[in-house]
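One chain, subunit A, links the two complexes that follow: it is found with subunit B in the first and with subunit C in the second.
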Partner chain A sequence: MTRSPKRATTLSCLLPPADSLPWAPPLDSCDVVVRLETAGITDTVAQREYGYHDAWGLAEACFSWLRTFPASDVRGCRQSSLVEYWKGLSFALPLCLCCLAMVIFRFSLWGGDVSPQLAAAVGFGTVSSFVTTGGVVQAMARRGLFFFTVHDGATGEIVCWRWVPLGAAWLAICGLVLLAPCRYYHWLPAPFDWIALAFHLSLGLLWLATGILHMLERSLWSAVATVAGICSVVLFHRTLHVPLVGAQITGIAVATAFAFAASFVFLRARRRADGGRPRALSSALDLYLAWPYFLFGALYFLLIFADRLLAWTVPDIAAASPVQFRGDYETVLDVALIAFVLQVGGVRAATFTFFRNMVRSQKQHGISARAEFLRDMKRAYAKNATSFILLGAAVSTCLYLTASRFSTVVHDRGGTLLGALLGGSLMVIGLWNTSLLFRLALPVDVAAAIAPAVAVDLLIGYLLSRLGSYHYAVAGFGTGAGCFAALTTRNVLRRLKALDYYYLSSSV
Partner chain B sequence: MVHRTSVLLTTEGTYPCYSGGVSVWCDYLVRCLRNIDYHIFAITHAPSQQPRFACPPNVTSCVLHPMWGTEEPGTDETNFSEVHERKIRTDRTALLRRFLPHFSSTLRQLFSSDPDPESLAGGLFGLHQYFREYDYANSMRSRAAWEAFLETAAASDISLNLEDATHSMRWIQRYLSLLAVRFPRVDLVHSSMAGLAGIPGVLCKLEQGSGYLLTEHGIHMRELYLHLSRSPYSSACRRFLARFHRAITSMNYHHADVVTCLGEFNRQWQIHFGADTNRIHAVPNGVDPASFRPRPSPPRSRPTVLTMARIFRLKGIDVLIRAAAEVRDRVPEVQFLVFGEIVDQAYFSQCLALVEELRLGDHVSFGVTSDSTSAYAEADVYCLPSRSEGLPYAVIEAMMSGCPVVAADVGNVADLLGGTGLTVTPNDSPEMATALLRLLSGPGAEDLRRSLAHQALERARRHFTIHQFTQRFEEIYDEVAQARHDAVLSLATG
Partner chain C sequence: MMPYDLLDVFRVSLGFLVVFGVVPWLAALSSPREDGLLAHCGAFVRASLFGEVAALLLGSMRLCLPGSMAAAYVLFLLTVMFRSGIFRPLRNPQWLRAQLHSLIVFADRLPSAPWRFESAGFRQASFRRVDSAAPASFGQMCLFPALVALAACFYPLNYVRFLNTDTYSRALALQKLTLGQPSALDGSASLLASVVFLSGCDGATVVRFAGAFFTALLVVTTFLVVFRLTASSPTGLTAAGVVAALAAFVNAGQLQAGGMSSIFWLLSILLWRPSRLDAIWSMALALLIEPIPGRDTILYVAIPAAIAWLAISSRALLRCFEAIRAPVALAAIGCLIVVPLESAGHNGPYEYETAARAVSRIAREFPQNTWLVIAPVQELAFTYGRGWHMQLSEFVRRYDVGEVSQPGFHFPFPVADTFVFVEKRPLVSRAVGSGLSALGPRFDPAMAPYQLRLSRVSIEFEAASLMAAYRSRHPEVRVFVEDQNLVVYRIPS
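Our next item is the complex of A and B:
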């Protein structure tokens, strides 16, 4: 027969503690014995003070009433979706600062109120820098993030610095490879081809540096680097009367140096905080794990910028060179970019909320209720996707009406703007899917979706811009983005059928 | 050529990467038994962990196996071409025909409330053989593995929800990663604990016929219960972890040729968890009498109480601080020195707050020392306030240094002291203060200190020298290796 401990009230050592530490009811009487012993209730004490033969006897008696106590509530860290939205938006801060500089000074860190040929050179260099470094930055960030997630700052730092020279070399190779046909076919007359190369190289290095800062969630420092760069351009161009291109290249160099210095400081701080020694790294493993991210990074920027390249290269007898910057087209796309940025901020927040809700739902569903869990998550996905569609429609409509009213250029190119807005909204859905698939460690699904999307973009954009007007290149972007959204949605829906499994296998 | 015995010494969270008693014990063992060729297999927390102990020349290999923080568990990430070949080989047919039968059988034992050690060992060995040819990460992360896990979990009496199941499967994916390791050919495996570090002992025994010696300092299951009682996991997860480790522990006890413990207290626990009483041998720890010996104590202005312990809750530093407040009231010039690495920063902060609350700033100080021998010489009393212990090295060192001991009566401490020190009820600060005051103030205090120190020294020199414990292990190695040799011979002769 079980009897109550003689002095049960004095066994407070077995009860939930007053401090905030987690506490759990005992699993069995062995568990109780251990707790008693560590509270000083040894066999002797159990015998002397509680009247039991030993601590095991006392534990047997205590177990039945202790198991009824609930486990103490362990609160997870509460993070706001709004904070996540801001983090998602913060990547665009340097871009906003550049726009602001353009309004104030009529030039920025790159670009400005310049001749069409110079604008074409700068534009060409800018686009090629994004496409070339996009893959490297993605691969570097994914590999680096893994090590930071597992608190291995030493290896994380090494990985980052290993990808930077690789990225620089890749940048130089691509730059030279692009320069050759540029010179041969006279796409850009000298010295504009060299100017394009200069922007390609300098901006590419800046993206590598800011990529590290974004990975470390130090986007504000990217903004500071941009401000430092803009200030340098103002100083060199306005005060020292250096030609704008020279001042801008210098400004980009300043921003790059600043961003690299900040990256160095933050990476070193992370390394110190985590401690430990760096592990041996395998380049083969790096490539095996990073290639889909690399492919995505490169193709993503190609998908974004392909229509511009197509628009700029539409044959024009009146143009001085085969590559012709299209100011009106660029203005419309810049307006659409605002809508895109506002929506992209939501991707991070939506991903964060989706997985937070998924864990909650997992807690509510037993193993036998797996089908219900999967159904709930499919509903949650559909709800999120609908929200993005509605958000896209709302932001696009507002922007379309506002911009058409205040800008004659935009008013005249309403169709182009609509195409760009639609494409942007579809891209956001694609990116939301990408974010989910990346979180589930399924980058191949994304790479497999973006490759045909780029092909569609190039094909449709090329045909329509050549058969009609250069403005029709935007249709390529719209259909490419639609293809990307559709294929990633299909892939996500396929994975949602076994979300519990993919979530498990995504763990590090 | 003389055959040198080869031993695979397996550790988990201790030697050579972490400080603490077990690490010191391993270091003594490999340094003193120079005629043994040691291979070290150490389970560490993360790949960034670096060795703290330099291995002597008779350590022929040292493999660190990180349990966490690797992207491809169970693979040698530096040799990726081989890994890639195995990945390609791991197709659906291999998973269904060669992996799943062993995995499912292992899972059934891990979930069982009454696991069969033979079946579990068979399942683990089958997986070990499988991972020689096929990829660990691709197999353990396969959908087939997850479905098998869910099926087994659903059939068990542990009601896991999907989140618990995810956690539990992730633990399995990590814990079993050592099944993919290729262990060296050795005469015997010496595991320093009954948990995961014991698995190589079972695998080598089944594969090579190696001997298997299991040494426990703390009791693995006991320490697990302590950890789980304050863990943030759900009841179902804790239940699964307890089942998992209990199954592994009982498998290790079942397969070990010899199980050693530090004393009677631990022996009782080992028997409770299924160890065969006939195979359990008590081998107490020992220290080097040349390093730890009575030294002329330097003149002291203040009575000094020394505690050498890593700082976390089980070491009971808070109990010591409360006792210090009572001692201070009677002996105002007393000082308490606590030397040890801070393991739990939050607990250390609580201790500092308690020191401030009790206005003990001038009486209690924390630090680390590289010269522990001098620290014992400079102390009047050594105090062990722990809530849980095996056979603490610090107490043996204090005894060998001629320092009188006041210790909480935990684990094997009372057996260790054998009446040559004062033992008090664990967690009882007033009783500890009374014992300390007996040695620090009053007319007979100095005589009592001297007498206890003398008796403790005699006892330590008689029972707890490094020579005695290493010699005992050498004998056990010979016994186990000989028994293995005889078994192989009898098999060969039919």
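Our next item is the complex of A and C:
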């Protein structure tokens, strides 16, 4: 019978990874020492924490114990790629439920058969809520994930609940800052500006709550919260005859409360599972580590929605207000969104596969075969990128042919749909690069790529929509997404030249 | 005077202050000139010229819109700052790291840190201010134009209608330009495009109040030029007072293109010695505003020059100016209040005040583009881009009494409300002549039907008959506004 070392439960760094990454038992006690050193267990730690004379003693004790664990095989990993794809798609589950509700009830958590001015107000509030909370959710998720990855659930919970009030305050400040020019310049006539603010605040809080659930990989609960919200809207609007806008805001509030409650339960459960006490947090460290993620989150949604904002604000001398909801443009973009969702599910799976291959390749090639390792990884990257291009082309073509055959609106706006599909596919490549750069702890590279992409999006979209028709705003999105994909690809290729260094530095 | 008039004047003054105050100030921060005041004058010229050229160029492409103008100004300021070297530290990664470190240290001490904003940038910005000691009486220089602006605002605050036919066309041109619509390029209108965007007011409102602010600017410029030439503050103040009084008599305190261009002619004189290039820019801008200088321009430029020449040539006159400066300034302010009110009367010369107020109220109270105003051409300046307008002459030409008195007849206008302006007493004023020859240079084909007395009476009579016939069959037609001269009917759809 093999004896486990003292305090074996705290040696999770040596155990097979929970996310089914390839793992091999140690070759000898020297191999175990290397793994211990990488995890920060030095002679002093081994002596103080584990009661061994030094790290070699601990390695000797661990070696026979670790040999009892089976190696993770490649087949299991292959199977999990499909699971990862579905996990990647799961973020869109609430969106699918909203679409379903729209088909059944003719309304959803937001939207429905409303007047153009109300649609503009709801659209404006929705877009601003995404842009405002995008940065906060990214920063919160990155800081939270860091602590959860090192099994420090107590600090992870504290981090989340620290970012939520910060996000709510930021949301309120941005809402008031947007309301002021909205009222001053009469972008939306009263009371539509207040309706836009109500949607901005309520949806923003919902994104914060669902952000925590996504971080904890509990997307199903996010969908449950959406269902609770939709049910509330149906109850208030259909049964109690509350006006649709009031019912929707109440429904969003219900969904938000549900999502926050679920987040609280799951965070507390994670804390109990990991044990330990929370560490003291530093605002300065949070600021230093989270600012690129915050910037990326905000700019990402701006890149996604800038063309809509430009299309809605194209001057129209016959319009009832400066902000006009463009139904036909929105329909085309919604169709293109389906293709985007189907492709973006692959980002998680591709990242998973890439890093799994990296671990395997690193194990295959010794320190002297660095060039071969880099060549293999470049090849793997090229293969994944090609897959994305092919997947994008296939999904976009199918969707374009199907949609233009069955919808006259889409058929009439074929050029806009093509632009949106192309932009969506390029965005997916950009996101795949972003995912790699984030995993390599290089968020500044991503922020540096997305900022010019947003500028290009705004410039091209503005000029074309003002010189031509508002449908040309989609060209801005396409060009901005192309710029984002190109710049992130350049950054990834630059990093692939010294991938082993970045991999090591990001994991330490 | 209504509360919304005060709000409008606040909005326009805020926009005016940003475009002609803050932007030049930011541009002056990067100017290397020693003399702070002249640096600001040069920066004012460059910023104004940039705004004018940008609006004209973008307007020719129908792109004179808030986003493009904002982007143009941001580029302008960034270029100016880049040239001055403000961005040089940004190229130094060590400097950037130091700033990030300061920020992190600040965040680390956040709970106990006092909220002070004394950053290096703010300190650097504050040391270059206008040197108040440069002109001896800086206080007077500030106070007098401020009083002039207040006095010149007295008429537009109390009356909505314009007193010059040019003002109507400028308001319309400005509104078309800022809505991205094709229009004849007008340098005096495009200078105000940025003010329209910043104030959030329509072209007519901006033109209504901007004239008063330009009068104040002219007064400041006159003071500076004369002070610079004579080194005498009383002479400068006297000249400024005379020019202000002249503006009251010539333009009723509301500067037109000639007055605006003379500001830049005077600035070119002021800047000729310290910066030839800025002086040339100033002349170019004056020519863009008014390509052929007219009588007003000559008067506004010649009078300060003459006063300065007199002061230089005679010591006695210099003492005389010192004695009369305060009475002249006070008289000028009085003129700016009284003369426009006296010359305008309660009505005319182009429309009744009730008509202008009614159309302004419609534009303010009713949802955008859901209404139609049927009125003479002057009302188009107030309605363009906010609602629909139909010429009264076209209305009476298209319909006849027999047709509208049919029980099933309805005006086929696709709007929620139609407002018909009918003059019970057709307007009689100096602008309405008895024949085409009487109109002389004031002849305008669009306005001609309303400027000929007989034609106007005929149109108004026919309109009144049409409305009486229609109203007899449609009790839902209401009187929206009525006084002894005018009635405005409201026809709901």
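Criterion: the second predicted complex is superposed on the first by the 428 of 508 C-alpha atoms of A that agree within 3 Å, B and C clash if a C-alpha of one lies under 4 Å from a C-alpha of the other, contacts with A are read in each partner's own complex, and residues count from 1 in each chain.
The rule is simple: contacts are C-beta pairs under 8 Å (C-beta built on N, C-alpha and C of every residue); 3 or more make two chains touch, one makes a residue touch a chain.
Everything numeric in this text was worked out from a predicted model, so none of it was measured.
Touching more residues of subunit A than its counterpart among subunit B and subunit C is B. Of the two partner chains placed by superposition, A:Pro16 touches none, neither subunit B nor subunit C.
Applying the stated contact rule after C-alpha superposition, one finds that A:Gly246 touches neither subunit B nor subunit C. Of the two partner chains, subunit B is the only one touched by A:Pro26; subunit C is not. In the superposed pair of complexes, A:Ala284 makes contact with subunit B and with subunit C alike. Once chain A of one complex is fitted onto chain A of the other, the partner contacts of A:Pro116 are absent, as it touches neither subunit B nor subunit C.
Shared-chain residue A:Pro189: touches subunit C; no touch with subunit B. In the overlay built on the shared chain, the residue A:Pro452 is in contact with neither subunit B nor subunit C. In the superposition on chain A, subunit A positions 282, 284, 288 are in contact with subunit B in one complex as well as with subunit C in the other.
Residues 184-186, 189, 282-284, 287-288, 313, 315, 317-321, 462-463, 466-467 of subunit A are the ones that touch subunit C when the two sit in their complex.
Contact residues on subunit B toward subunit A in their complex (touch as defined above): 46-50, 68-69, 71-72, 77-81, 83-84, 141, 143, 146, 150, 153-154, 159-163, 165-166, 169-170, 173, 221-222, 225-226, 228-235, 238-239, 242, 272, 314, 387-388, 408-410, 425-428. Chain contact summary for the complex, subunit A toward subunit B: residues 13, 21-28, 30-31, 34-35, 37-40, 42, 44-45, 71, 74, 146, 150-152, 154-155, 274-282, 284-285, 288-289, 359, 361-370, 373, 498, 500-501, 503-505, 507-508. Across the interface of their complex, subunit A is touched by residues 11, 61-63, 65, 67-68, 71, 100, 103-105, 107-108, 110, 179-181, 200, 367-370, 385 of subunit C.
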